[in-house]
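Okay, got some structures for you below.
Below, subunit A partners subunit B and then partners subunit C, in two separate complexes.
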Partner chain A sequence: MIEFRQVDKYYGNFHVLQNINLTISEGEVVVIIGPSGSGKSTLLRCINHLEKISSGELIVDNINVHDRKTNLNVLRQEIGMVFQHFNLYPHMTVLENITLAPMKVRKIAREEAQKTARYYLEKVGLAHKADAYPNELSGGQQQRVAIARGLTMQPKIMLFDEPTSALDPEMIGEVLEVMKSLAREGMTMVVVTHEMGFAKEVADRVVFMDHGQVVEESEPKAFFESPKEERARSFLSRLLNH
Partner chain B sequence: MTGNIFSEILNYLQNNWSTLLLLTVEHIGMVICGLLLALIVGIPFGILAARSEKAGSVILALANVIQVFPSLALLALLMVFFGIGFTSVVIGLFLYSLLPIIRNTYVGLKEVDKSITEAGKGVGMTAFQLLVKVQIPLALSFILSGIRIAAIIAIGVATLAPFIGGEGLGKEIYSGINLRDPVKIYVSAVLAALIAILADFLLGKAQKRARVD
Partner chain C sequence: MLQNILDIWSKYNGEYVSGLITTLQISVISLIASLLLGTVIAIFCISPFRMLVIIGRAYVEFIRNTPLLIQIFFFYFGLSSLDIQLSSFVAGTLGLTVYTAAFIAEAIRAGINSIPKGQMEAARASGLTYIQAMRYVVLPQAFKIVIPPLGNQFINLVKNSSLLGVIAGMDLMYHADIISTNTFKTFETYILVGVFYLTITVPLSILVNWLERRLKRA
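== the complex of A and B ==
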């Protein structure tokens, strides 16, 4: 579903992504962890071309993302993204937020788009907030709306960029619950997070990044109990000591 | 003495209300024409300026140059090119309204959080869809504030219209000056000021309503 082949990316002289080789199959839940500045978010943002790669190949849903001929907007329809700061449209109600892309990009009729939107709102437990504005919702609620917004496009892949990092601790659980149920339903998910509990529980694979490199890739149990690489070990021990 | 002037003003209003009404309507008409032109031209330029740094610096510099021309001199110059009357006045008002509208459109669009548009971009919305559905609505309060400034400037500048053969309340002020008639001057000046205050109030309200927190 997603394949990085020798992908490199530079910001000026800064080598953000170094020779990334990573394959993610359909239905897989991959959690990317690592210290801040290790290139996790950049890696994620390359998948829907919010960031450009400098060299190498990136194939998503059989489309070469960084080929000039690729129609990005067609590719992006199939990829939902949830951001750290929710990024809801502040001038629109929850329902309008969710139906905008389906109506504009997929050209779905308003009625049908609203029906689908309500279905997913129900799913994230916020059916009663359809007519509220984002600033009337808590952070956890906003993030659940953002997830419903992504799902209403019925994407093949969902990307999560630190979805719980901007939330108060008591709201993290509600967002993770939604993500867990999504994972159980077989959605292909790539999640950048610091929530190790989530990684242990639902990830099929953990990818550990440091200094722009994929340092270690393994099953969560193996990774957390006996990391192979020294850098991964020291990262985990720092987490535990906090 | 003051009581005297008061009754003189009332008297004047009673005898001349229909002329004053006509002049007021003409005054507002010129301002609206100038503003509409400035909106049609200024908003696209503001959008362009916000999209490209290079175009932006050129556009804003040009609009600034227009603004520093003294208003009477600008009107006189326009008269040379477009002749006496309505057209020259409207073009003058249009030019004067451009800068606040371009600049506020530019600033308003720049203020829209990039990460909010990214959410749309990430699901395949086109730049144009994002502009219409997300960026302009979020910049609207800034744009309205530009229109508000432009309207107040234009209402003031429009009082100079009679110097180049235009109509409006300036005509009454001008004739008041020539006839050394303070009542004429008071009444028309206060009317022009009232129009400006009203425009400020109404556009201020619209601006508040458009604001998104």
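== the complex of A and C ==
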């Protein structure tokens, strides 16, 4: 579904992603962890071309993302994205936020789009907030709306860029619950997060990154119990001892 | 003095009203044209194309750093030396539009830039094109922010239109100059013309404040 082949990326002289080789199959839940500045978010943002790669190949849903001839808007319809700061449109109601892309990109009729939107709002437990504006919602509710917004496009892949990092602690659980149920239903998910509990419970695979490199890739149980690499061990011990 | 003002008014009310109408016409035409031109220049300035950015920036910097009077002279006298003779009305309105557009472009550019980058990213990530993302997500939000500075520019535009008087623009200021030469009652004549400008700018100012308050609530 997603394949990085010898991908490198530079910001000027800074080597953000170094020789990334990574394959993610359909239905897989992959959690990317690592210290801040390790390139996790950049890696994620390359998948839907919010960031450009400098060299190598990146194939998503059989499309070469960084080929000049690729129609990005077609590719992006199939990839939902959830951001750290939700990025809901503040001038639109929840329902308008969710139906904008289905109506304008997929050209679905308003009634049909609203029906789908309400279905996914129900799923994230916010059916009663359809007509609210984002600033009337809590952070956790906004993030659940953002997830519903992504799902209403019925994408093949969902990307999560630190979806709980901007939330108050008491709201993290409700967002993770929605993500867990999504994972159980077989959605292909790539999640950048610091929530180790989530990684342990639902990830099929954990990818540990440091200094722009994929340092270790393994099943969550193996990774958390006996990490192979020294850098992963020291990262985990720093997490546990604070 | 009040008597003098009333005398001038009763003798020259026709000139004042006709000047007011011309000033209003110039202002409205210039307002619409400079809003369109200013928006285009603003989009040039934020576009991903280097060439357009350079053109947009050059326009803004050149125009807002030269006096409006010189620009009006350029369109009126300057072009006539190239055998393009514009009427004072057209030349004046053109100069005013070109000048105001530079300030409007700056206001709009600042408004668009103040919208968090995440808004454009979320819109693009969902598959919207750049133009769709601008139209449905960024511009509606920028518009609210831009209303107060745009209002200020429109008020400035009305006041700046008084410069057309020097090229016989038939506007309020032009008539006032003639009346003061005829009556020698300079002070009273210009007091009255000031009141006429206020009849345009005060309602405009109230409208802008009202819009600003309304948009804040929405």
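Operating definition for what follows: the second predicted complex is superposed on the first by the 242 of 242 C-alpha atoms of A that agree within 3 Å, B and C clash if a C-alpha of one lies under 4 Å from a C-alpha of the other, contacts with A are read in each partner's own complex, and residues count from 1 in each chain.
As a working rule, a contact is a pair of C-beta atoms (placed from the backbone, for glycine too) under 8 Å apart; a residue touches a chain by one contact, two chains touch by 3 or more.
Since this is a predicted model, take the numbers as computed values, not measurements.
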| item | value |
| --- | --- |
| Partner chain(s) touched by A:Asn48 [first = subunit B, second = subunit C, both, neither] | both |
| Partner chain in contact with A:Val124 - subunit B first, subunit C second, else both or neither | neither |
| First (subunit B), second (subunit C), both or neither touched by A:Asn135 | first |
| Common interface residues of subunit A - those touching subunit B in one complex and subunit C in the other | 48, 50, 73-74, 76-77, 79-81, 83, 85, 87-91, 100-101, 104-105, 149-150, 153 |
| Interface residues, subunit A side, partner subunit C - complex | 48, 50, 73-74, 76-77, 79-81, 83, 85, 87-91, 100-101, 104-106, 149-150, 153 |
| Sites on subunit A touched by subunit B in the complex | 48, 50, 72-77, 79-81, 83, 85, 87-91, 100-101, 104-105, 135, 146, 149-150, 153, 155 |
| Contact set on subunit B toward subunit A in their complex | 113, 115-116, 118-126, 129, 133-134, 137-138, 212-213 |
| Touching residues (chain side subunit C, partner subunit A) in the complex | 116, 118-119, 121-129, 132, 136-137, 140-141, 144 |
